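After the structure tokens below, expect a handful of questions from me.
Labels run A, B and C following the written order; every chain starts at residue 1.
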């Protein structure tokens, strides 16, 4: 669902339309990550996209580095036989004057071992700066905090 | 909230309107299941609705079979004193040209024993084909996969 | 995002617009609670707002009492080094003829100890009556049930 498809310029989208698109974008974005589609996941960032996770000493910058990180994480999980799911809930959305979006979400990371019961692995808060590129949402900057490390 | 009530033909609904209605439909649909309203839950499928759960050897077809399955499941949970909640999150929605909708959601099933702490019982992915019947959403086909059985 | 900002009277908002605003309101409302902004959280209730939690013998009435309760709860959690997150999902929204809203949500309360793994602490159902005041959503009445106490 692109802006081009609906014919409405991004600036004219109502709050409800923006809210639904961001939720849908996050669902798509995180499913790519969880299913190991590392390159496609990296494409949902801007070319110079930044991801500052709580576990990395330095922010990860750019699609190539983002894809490499996602591939490594997936390989590690495959190695231990665990499926992770990143669930972004409780979206707090602020449209900015320049057409970009500021969001805050609660992020549940759920881990399920092969043959075992799922568990809440991490509870985080995700702070994003999103932009539209050719009508498509992209993550421009992401910062994540972990509840176990206040 | 039906299309008839809002006066807008389904085809003219924006992405945001569709997205909200599907989320609201799922909340209603799963609350019926979780509260044991088996017949009402079955009514939220089409007459020939199909539910292919990961635990059943064959898909469940039709409202009568769906209601029977829901009643059995609820009776079993009542017997062991457990309340289950089916939470569909991370909705990825694709409107189809014929007016039907294709969705993918992450499904958390949360189990709470009487007097005990809740736990994540199952983490699943749900793939639905939804249709509008007289302005009301209905599940036409559902397939569910479990993260513990890759 | 207020009605004043968008220029649309509340009565003219579509279902999708209302649905997004309620979700966004809940995200904001619960983040205030979880981050210990007790007074600001109480402001998201009406002046005579009522909160009937399952753990209190009597409903909590009015912003002063609500703020005091939130402050106490946060101090207790800080004392034991736990971060709680209130996640409202599966929103079932019914707009009323008088412009107010009736909602039912599933509420996950997730607890994360400093240095430890998160856990589902409580699974609840939340029943709200929401009203618009000067274009802003406010909780007028809230009732919560716990799944472990059927």
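As a convention for this text, a residue touches a chain if its C-beta (ideal position, glycine included) is under 8 Å from a C-beta of that chain, and two chains touch if they have at least 3 such contacts.
All values reported here derive from a predicted model rather than from experimental measurement.
Taken as a graph of touching chains, this assembly is complete, with every chain in contact with every other. Matching CA atoms, the turn from subunit A to subunit C amounts to 120°, rounded to the nearest 5. Subunit A and subunit B have Cα centroids lying 25 Å from one another. Counting partner chains per residue, subunit A has residues 14, 16-20, 89, 119-120 touching two or more of them. Within the complex, the subunit A residues that touch subunit B are 1, 6, 14, 16-21, 23-24, 26-28, 30-31, 83, 85, 87-89, 110, 112-120.
Interface residues of subunit C facing subunit B in the complex, by the touch rule stated above, are 14-20, 89-95, 104-106, 108, 119-123, 147-150.
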